[in-house]
Amino acid sequence: MPASLVDRPQPDRANIDRARVLGHFRTMARIRAFEEAADQALKDGHVKGAVHLSIGQEGVASGVCANLDRGDFITSNHRGHGHTLAKGADMTAMMAELFGRATGACQGKGGSMHIADFQVGMLGANGVVGAGIPIAVGAAHAMKLAGDPRIVVCFFGDGAINRGPFLEGLNWAKAFDLPVLFVCEDNGFAATTRTRAVTAGPGPAARSESLGVPSTPVDGNDVVAVDAAAAELVARVRAGGGPQFLHARTYRLRGHTAADPAPYRPAAEVEERWLDDPIRRCRDLLALQGMAEAELDRVRADAVAEAAAAVADGLAAPHPDPALAWTDVQDVDMAEPATVGAGR
Amino acid sequence: MTELTYLDASREALAGEMRRDPRVWALGEDLGRGGVFGQYRGLAEEFGPARIADTPISEATIMGAAVGAALVGSRPVVEMRFSDFALCAVDELVNQAAKARYMFGGQGRVPLVVRQPIGMWRSSAAQHSQSLEAWYAHIPGLVVVAPATPADNYGLLRSAIRCDDPVVYMEHKDLWPLTGEVPVAADGGLVPLGRGRLVRPGHDVTIVTWSRMVQVAEAAAAEPGAPSIEVIDLRTLWPWDRAMVLDSVRRTGRCLVVHEAVQAGGFGGEIAATVGEELFGVLKAPVRRLGAPRIPVAYAPVLEATSRITAGQVAAAAARMV
Amino acid sequence: MTELTYLDASREALAGEMRRDPRVWALGEDLGRGGVFGQYRGLAEEFGPARIADTPISEATIMGAAVGAALVGSRPVVEMRFSDFALCAVDELVNQAAKARYMFGGQGRVPLVVRQPIGMWRSSAAQHSQSLEAWYAHIPGLVVVAPATPADNYGLLRSAIRCDDPVVYMEHKDLWPLTGEVPVAADGGLVPLGRGRLVRPGHDVTIVTWSRMVQVAEAAAAEPGAPSIEVIDLRTLWPWDRAMVLDSVRRTGRCLVVHEAVQAGGFGGEIAATVGEELFGVLKAPVRRLGAPRIPVAYAPVLEATSRITAGQVAAAAARMV
Amino acid sequence: MPASLVDRPQPDRANIDRARVLGHFRTMARIRAFEEAADQALKDGHVKGAVHLSIGQEGVASGVCANLDRGDFITSNHRGHGHTLAKGADMTAMMAELFGRATGACQGKGGSMHIADFQVGMLGANGVVGAGIPIAVGAAHAMKLAGDPRIVVCFFGDGAINRGPFLEGLNWAKAFDLPVLFVCEDNGFAATTRTRAVTAGPGPAARSESLGVPSTPVDGNDVVAVDAAAAELVARVRAGGGPQFLHARTYRLRGHTAADPAPYRPAAEVEERWLDDPIRRCRDLLALQGMAEAELDRVRADAVAEAAAAVADGLAAPHPDPALAWTDVQDVDMAEPATVGAGR
């Protein structure tokens, strides 16, 4: 088993690559701004379906995806905005998707829970917990079969480790020695349930290791640490080292869905966790490194403006032509039915 | 009689059965905090966390464990959250629950109820909107129930819990807030499995339907200029009330089956085929079906609407038959 | 033309496609030793263990991995061994494979073939005998194929592998040893998806059927004293060849649908409903269906036989219609 | 985690309970005789469905089930004859079941792969690999709910540990602290595949422990060792110690099914493994303890005679009335159809 990153010294905060950290700050600010805007749009009635916010978890998406090339792939779960933006997807198309518009990333057919951007290797969010795991493994399998150097990252939550595909997928990845990095975003909750209460044994890392996939723990709210850990794991995967597992501890600062006030946890707990907000921590670090507050404010303001523009764009975008409902189903025999509404 | 929502009716029904029979318990994700729609609100407080069991996200084992628990004498009520997630537990339901009694020559029974909320609901898209009642009606050993009203969601759930066969119990998500009179009583209000409900009489066309489409059919029947429509709510898909349907169509001479599920391969085919076979010569028009097109349910409201059957479409289809 | 078994025909088809297209590969349990029925014999030797991949017993991930592999450009052929085991992989097939292209607005395709051997075979009992083609025909996005002859198992499998949609490919276990002429050729012998086959002409009754029941229908038609029976082998259940069926029934005026699957909720309902709707007034008799009773398949041969449709039953049903 | 049994001294072979070991010898001989007779009956055309023989694995069934009361439950897999006999089922009814007769344990409806005897707590073999795991867990859950002291034993193979229900079931058992003993019969094969080739990580024990279920290794071909290990684990389970896991190494001396000549493994390997036959080892031990060869021969002969009688009985037994095909399907609406063959 490779040495665990936990024993390594913390990335040297004195000598950090300021431009890179600023990049993370920008990515995280964009994710936050996107989700805050989506949340508001939901309240304003512009988003019809469920939205799961990753507010507080942006460090994982940003830290991991910064180590991927555009051609690399990711799969995600229901809480996928952060992964998608961090992988380079277009914010305007994403917002339009949440609004169900023709210009949406999925032409309005998917919504938040099925957001995808294949152009940047984002193979899709998923409405079924754990379902992205075999899909990621299969994509990695195809890469290995084809001798294609691209790798796959698979994001899922701590709730997903109690579903069968977790075991099957990790076993498979190791049995075939596939180029895939599993990233478990351990935010302590599965919907309204404290994951710990229904999860036996020592947790995600032990499960992963029991399946032959080495696990690395990381503070998911420390984007610099996530970046460093992911850098090493991605390098291992690229070098043919087989599947790797990153166990990122984080916290879901908002409810399960945007509409969930999360009364099942004390307000004090959440308040305390806000102090650990990855964006705040990153900002503090940059400020400590001498970055001007004004510059940081501008990054944030730019992100907010970008999200606002995406909202404006989305609201102005056309609704899809209803005929679009019939496309991309299947090629074999998708003649239009005689009467719309009278199915065939 | 009490005025209750479809949602609260189901909760009263479960609570009633749990009070009555200590072998009844419920299991599923987040039940301790009321379940994803609030159908279990307050039950953990009354019955404790052992009987309102919070489970891991393990649909296959939620269902499989219920099979084992049922085989040894308990009466589990399984919550699948969205019927779509029950697709993670099909072996357990179809290969195990439905067949155990038979394969073992009657040595064991599997008295479980699996609640599978179905249907389109607020832009839930392709993985949270399906109605697959046709699948389960096709599986020997399973009873399939799809209530359309608060009173039925009360009375049928109680009957389902008392049933010694495995019951697939499909509530419609869009019906949760629907209110109606419910005869809540310690041991009353039961609705028998397998019996349809005559929603309204009529003499031109019989509409056979279930679940959320009952309201739509009623609305269609009430449209100005609509023919005289008799609406039958099947309530139970397996066994379905052939006698009620055939009696009605014998009178009207016309039958239109309406369901929210995809029309192709939907349960409407079974009904249409049966009516066509039994009432050949009596029919004044071909049996028609109205179901969703064979496309996944899309997210955008304007696209999602393509999959949704409207009262206008139903009325028009009925009118065309006369 | 080569004389091949149904089993060998499928192997030749897969080998042919693997030679033709390096993106094609197969995955499943025990494939390296030929697969459970020998359908893969020799393929690992020719194509190597990477392209004939031996997997763990992980049906959900066999299917799910195939989805991922297909989304990034490979063309997996998934072996489920018995269609019954595919019930461990329904989320992956129905919620993922069938919907991915649609949900993602056409950004990706899922060109996979999932082989699901169906049917009763040597007292295999309730968990190894099912025919659930009706399920998959009900799911938007899926193509459903059920070949009845060696030539079709060759030509349809090749077409299925070339199809860019996910295809549920249902071979019948009882047909493995059936021999017949097969036009094996590097790039020939393809049978188009969605087209039926006129097995034999007749003028009294049209029998619409598929898979193993094609032989049974042929035998029924050949029984002395049987009416003049036209037999149509649908070959593909979705899309099914409505034009061929309707043309035939327009001529014969009578339609009998025969399938091995449970009749209740079977795909026969879809066909009967469609024919009844389209040819009302043309029909000389009600459309009839002959399928298995709604009971699990039992083990003991004498009980198993209860679920099996015989040529005698088919002939009698046809005769009763005339 | 409780101390692993692996560190304990071997059960003292000088002071073994001879009657108990003889009991094992008898149980194993009966299983062997049953399966040899079933194998022959299959060749003779009396058994129509598939039969999976547990020849060589009898030590696990006998060693474990000797520690169970009649009221305790077991679930099994496709290879279930041994478990069923060891749990106390009637051999004659089992053979009749394989023959598909009305007097069969399941009235001829199940066959070998669905053999069950609820009277002795045998809740069923299973045709789906791994499917018995959640069922066992659920039975244990019901016991705990009811405050019923009975426990559950769940038998499965090393191939089953690659299916999702393994993870889900063990996690569940521990999360709810249920009275269930998992017994993994690790015979090195899953059908024609060497399980190792498709199984990543250290194996069953590590997986179990990663799910919080303590694992105990045992030589499955040493029935005395299995008995001792099972005794301790069953005691822990009965005492409310939560789920336990027994990892029993063994070997499948015959093919996957009775019809499988198993050409995928060298004859020499199988020959060598026959030396480790648990029945032979038990016999040697008893002989060493002074048991007369003749007595041991008689046990074996009795078993063979019992199996032969079961075959004779089975052949003489009536085939089920075809109308039986319609019973035990479901109570709601199981009116007989108008025409048999014309389904409804």
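Order as written gives the chain letters A, B, C and D; numbering starts at 1 within each chain.
Note that a contact is a pair of C-beta atoms (placed from the backbone, for glycine too) under 8 Å apart; a residue touches a chain by one contact, two chains touch by 3 or more.
Bear in mind that the values here come from a model prediction, so they are computed numbers and not experimental data.
Asks: What chains, if any, are shared contacts of chain A and chain D?
Replies: Common neighbours, chain A/chain D: B, C.
Asks: Among all other chains, pick the one whose mean CA position is farthest from the mean CA position of chain B.
Replies: D
Asks: Between chain A and chain B, what is the separation of their C-alpha centroids in Å?
Replies: Centres of chain A and chain B (C-alpha means) sit 36 Å apart.
Asks: Report, in whole Å, the distance between the mean C-alpha point of chain B and the mean C-alpha point of chain C.
Replies: So the centre of chain B lies 30 Å away from the centre of chain C.
Asks: Can you give the whole-Å distance between the Cα centres of chain A and chain C?
Replies: Chain centroid spacing, chain A to chain C, equals 39 Å.
Asks: Mind pulling the chain D residues that touch 2 or more other chains?
Replies: Answer for chain D, listing residues that touch two or more other chains: 104, 106, 108-110, 114, 126-128, 162-165, 168, 171-172, 175, 197-199, 329.
Asks: Of all the residues in chain C, which ones touch at least 2 other chains?
Replies: 55-56, 58, 60, 84-85, 88, 91, 95, 102-103, 125-127, 140-141, 238, 262, 264, 293-296, 298-299, in rising order.
Asks: Applying the document's contact rule, which stretches of chain A touch chain C when the two form their complex?
Replies: Those residues of chain A that touch chain C are 73, 75, 104-110, 114, 116-119, 123-124, 126-128, 131, 133-146, 152, 164-165, 168-169, 171-172, 175-176, 327-333.
Asks: Looking at the complex, which residues from chain A come into contact with chain D?
Replies: Interface residues on the chain A side: 162-168, 170-175, 197-202, 206-207, 209-213.
Asks: Would you mind writing out the residues of chain C in touch with chain D in their complex?
Replies: 29-30, 32-33, 36, 54-60, 84-85, 88, 122-128, 262-264, 290-296, 298-303, 305-307, 309-310, 313, 317
Asks: Help me check something: in the complex, which residues belonging to chain A touch chain B?
Replies: Answer in residue numbers: 48-50, 97, 100-101, 104, 106, 108-111, 113-114, 126-130, 159-160, 162-164, 190-193, 197-199, 264, 319-320, 322, 324-326, 329, 337, 340-344.
Asks: In the complex of these two chains, what residues of chain B are touching chain C?
Replies: My answer: residues 84-85, 87-88, 90-91, 94-95, 98-99, 102-103, 125-127, 132, 134-135, 137-141, 238, 261-262, 264-270, 272-273, 276-278, 280, 283, 285-289, 293-296, 298-299.
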